[in-house]
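Shared between the two complexes below is chain A, which pairs with chain B and chain C, respectively.
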Partner chain A sequence: MISLPQRETRSLLAIHGWSAVFLGLLLYTVIVTGVASVFGDEIGDWANPIEQPSAQRFPAGLGNALQQFADSVAPELRESFFAFPRSGGRIYAQFHRDEKDANGRPTERGVVVDIDPRTLQMSNRREGDEDAMNDDDTVNALPDFFVNLHVRLHVPEPWGLMLTGVLGLAMLVAAVSGFLLHRHLIRELFTLRRRKKLLSARDAHVVAGSWNLVFSFVLAFTGSFFSFATSFGVPVLAMVAFNGDQQAAFETFVGNPPVNDPRPAPMANLDAMIVDATRRAHAETFFVSVEHWGRADARATISMLPAEGEVFGTTYVYDGPSGAYQYEKPPLGRVPSFGGNLFSLMAPLHFGNFAGVLSKAAWFALGFAAAYVALSGMRLWTQRRIDQPAWRPLAQAVNGIGYGLPLALIVASATYFVARALDADLQPAMMRMFLITLGACLLASWLVRDTARVAQTLLILTGAMLLGLPALRLLCGGPTWAPMFATAQFAVPALDTVLVIGGLACLAGAYRTATRMRRAPQTLALERVTE
Partner chain B sequence: MTTTTLAVTIAIIPSVLALLRLAQRDPKRLRLLGRRRDAAGTRERRALAALALGPGLVLAVCGLWPALLIWMGLLLAAGWCLAQGFAGAAPAVARKP
Partner chain C sequence: MTTVTTLAGDPPQAAPPSRRAFWLRVVLAGPLAFVCATLVMAGGALWLPKGAAQIDNLLLPILLFPAIWATLFFYACLAHSLRRAYLVIAAIGLSQLAMIGIHYFAR
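Let's look at the complex of A and B:
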């Protein structure tokens, strides 16, 4: 039990509540999209499966395909290269060089292709600056939409990252102040009083928050770290220690310090390096990058997925021209360190992707609970003040966004299938429909005074959309389950099933709310009698 | 079945069962329902808490870190679900504590 003087408790409650009032809706958006992003890979495989997938993430023969790609790229753009598999196992391969834009900000110019993992054919070649490389990138459009919303709320860099970093800090403040505020954390872990509506809501918020406390703290800390590290940390470090050279700062911390030998030299085949790395790590390849492709100082870095029983994977460095193994790269710098190990823990703890679907499912459940804590807290704070005219708009916004955001995300997903079938620009179409739906939900909660009625209607719409999404996927040309089972692409049937279950759960929730609303007058009468 | 999945399965079952018993016999919850006599004593609660958390300790000692993290995540999610489930079973209007 944590015992604080009454004055400090009041101050903490004010901090806890006001931080939620100012940033709660954005934080809720980041959490909800983060929950969806946990299964980003699976969502990509579900939305855009491939006819013939490969059993390996980096299939044999890819080295030759990448060499062909390299031959087609101007030597000055071969400064940096990286490749990794995306939706359906399609390999995303990019050559680029770092440049500075007219304002002196770091930018990139290069060439991108998608490579079919079975036929190893290149397609969808895009060249130019960052915008040109990202244009018409349709392979991963749906998970990218969720991830961009989660990471930077679609706000341009670096402001989006800074904003989500601040939101992470707000979540930390809420978690710590909530922990200090709740005097009987252990004693009330199972206490959900249902005497009055407001008291029950308070208990629901506190109980969910108590069970979620550790996870909220971990997520908020790691999320803030990722947001601030690139938007704020690296520029500041570069300014202090690297004369403003962010590239040099970045390379010193996480890259390989460059050796300069610009003589041309053919690159060894990457396939052999990938096979060697797989043998060393007993795990599949996660990511491949090469510095100075086609030069004597070329170096390949191969990052592996975590091996069975490990939380994070290893990274190996190979000499580019000879393909010889050089060393195992620590996460930070060149020498293994405690700080490096802590740094490498950040990603698995934030993404929950260290043990496949099982760890993702645990992270999804806890993320769902965190979203519930955020929404129930905001509802609690605003419902208590709903009689004050100044608070009414916020209470309506909480209701509209709280129930409207999941609906808007599902509408954006539906838009993805329709826009793809119509060959329209995917990202603008999804964003447009997302904003229109969210706006309509806000308008509905503004116009209809009965917040419970609005919430129930939005829940019914969400359920109906979830139920309709698998059908829409099929109608828009998506594959049926039979070829997906035949090619072991289980994400399609699994996500279809989850969507149907989620839809039914929403409808059941709406039905329960309606029943409760019908019984409410009787309950109130009973309360008056018992009191 | 991988080692991690197996370890998580073996560890989570006794933990959730212990948590279920803890929730069933939680003194504060039962007091609110007017069933103070059914509540577990301190010794029983400590034993159940040890049983709930013990598998996590075993996973940590064995160095099964992914299994430990998943076990912890599932246990916390299960705890919340149990709290919600028991609230659903409780009468809409309980007696005053």
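Let's look at the complex of A and C:
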């Protein structure tokens, strides 16, 4: 039992509530999109499957395709190269050089292509600055939409990351103050008082919050680390320890000491290096990067997925011109270290990808519960003050965004399929429909006083959209289940099924709410008679 | 009786803080705690051990930034003496600033 004096308890309750009032709705948005992003890879495979997938993440023969790509790129842009598979296993390959924009901020200029993992044909070539490289990037458009909303709320750099970093700190505050406020933590894990067969809203919030405390703390901590690290942490440390040279700071973190030999030298075939790395790690390749492709000082870094039973993957470094193995290193630093190990923990703890689909499903469920805790907490806070006119707009916004956000995200997903079929720009179309839907939900909750009815209507619309999404995918040219089973692309039938189950659950929830609303006046009348 | 009903129903035991004291606490827990956490992060690069990979002094301050901020935030919110809280947070921030200044002028 945690025992705090009354003054501290009152302060903590105020901190807990006001942190939600100021940042709760944005935090709720970040949590909901984060829940979807847990299955970002699977959403990409579902939205944009491929006709003939490859059994390997980096298929044999890719080295030649990448050499052809390198030959088509101006030498000055071959400063850095990286490649990794995305939706359907299509390889995203990028050459770029680091530059500074008009305001002196670091930026990139380069060339990007997508490579079919089976035919090894290049497509969708984009050249220019960062915006030009990202424009018309259709392969991963749907998961990218969710991830960008989760990571930076679609706010330009570095402000988007700073904003989500602050939201992470707000979640940390809510988790810590929630923990300290729970005087009877163990008892509250199991306290569900039912009044007139209705679950107490406060009890539900407290029970969900209690079970979710550790997870919320971990998510908030790792999330604010990821947001602040590159947008704020590295620039600040670079100023103190590297005279403001962020590139030098990054090189020190990565732990590959820079070498400089600009003489031209052909690059060895990457296929042999990938095969060697796979043999050493007993795991598949996660990510490939090359510095100074086509120069005597070229160096290839191959990051591996964790081997079976392991939590962390390893990284191998190869000499570019000879293809000779040089050394093994951790993700950060040249040799293992306490800080490097702590850093390696951050990604699996935040993304929940340390044990495949099982751990992702657990993270999805816990994230869903965290979203419920955020929403129910805001509803409790605003409903308690609903009689005060100053609080009414926030109560309406909580209702509108709380139920409107999932609907808006599903509408954005539906827009993805329609816009792709019409060959329209995907990201602007998705963002437009997302904002229109969210705005309409806010307007509805503003105009209609009966918040329960608005919530019920939005839940019905969400359920209907979820049920309709697999059909819309098929109507817009998506494949049926048979070829997906034949080519072992199980994300398509799995997500279709999950969407249908989710849709039915929403409709069942709306039906239950309607029944409860119908019975409520009768219950009240019965109570009056009894009295 | 739950915490909420106690808080909502009981009369306050102590006199409520003045509006000025409230805003002074908000400033301390908000911007000043953030600035102090940033200074601790920046200063940490100079006094933390570098470790086997020579990067621990750079990584740990960034990794621990949320924890540093949260500690300062809750201390600023819950400290009984606001004056002492200001002094403690100022002392921490200024000591880090001094270290950064000495490092800057020494190179």
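Heads up, the rule we're going with is that the second predicted complex is superposed on the first by the 516 of 531 C-alpha atoms of A that agree within 3 Å, B and C clash if a C-alpha of one lies under 4 Å from a C-alpha of the other, contacts with A are read in each partner's own complex, and residues count from 1 in each chain.
As a working rule, a residue touches a chain if its C-beta (ideal position, glycine included) is under 8 Å from a C-beta of that chain, and two chains touch if they have at least 3 such contacts.
Computed from a predicted model, the values in this text were never measured in an experiment.
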Exercise. Check chain A with both chain B and chain C modelled on it and let me know: fit or clash.
Key: fit
Self-check item: First, second, both or neither for A:308, with chain B first and chain C second
Solution: first
Quiz item: Is A:366 touching the first partner chain B, the second partner chain C, both, or neither of them?
Solution: first
Self-check item: chain B, chain C and vertex chain A (Cα centres) - angle in steps of 10°
Solution: 80
Practice problem: Check the residue A:358 against both partner chains and state whether it touches chain B (first), chain C (second), both, or neither. | Solution: first
Quiz prompt | Partner chain in contact with A:89 - chain B first, chain C second, else both or neither | solution = neither
Practice problem: Look at A:252 in the shared chain and tell me whether it touches chain B only, chain C only, both, or neither; answer first, second, both or neither. | Solution: second
Exercise. Tell me which partner A:332 touches in the superposition: chain B (first), chain C (second), both or neither.
Key: second
Self-check item: Shortest CA-CA distance in Å separating chain B from chain C in the superposed model
Solution: 10
Quiz item: What does chain C use to touch chain A in their complex?
Solution: 2-4, 6-7, 10, 12-14, 38, 41-43, 45-46, 51-56, 58-63, 65-67, 69-70, 73-74, 77-78, 100, 103
Quiz item: If you look only at chain B, which of its residues touch chain A in the complex?
Solution: 2-5, 8, 22-23, 26, 28-29, 32, 63-67, 69-70, 72-74, 76-77, 79-80, 82-84, 86-87, 90-96
Quiz item: How about chain A: which of its residues touch chain C in the complex?
Solution: 6-13, 15, 168-169, 172-173, 176-177, 181, 183, 202, 220-221, 224-225, 228-229, 232-234, 236-237, 239-241, 249, 252-253, 255, 330, 332-340, 342-343, 346
Exercise. Over in the complex, which chain A residues touch chain B? Could you list them?
Key: 184, 187-195, 200, 203-204, 207-208, 211-212, 214-215, 306, 308-311, 348-349, 352, 354-355, 358-359, 362-363, 365-366, 369, 519, 523, 526-527, 530
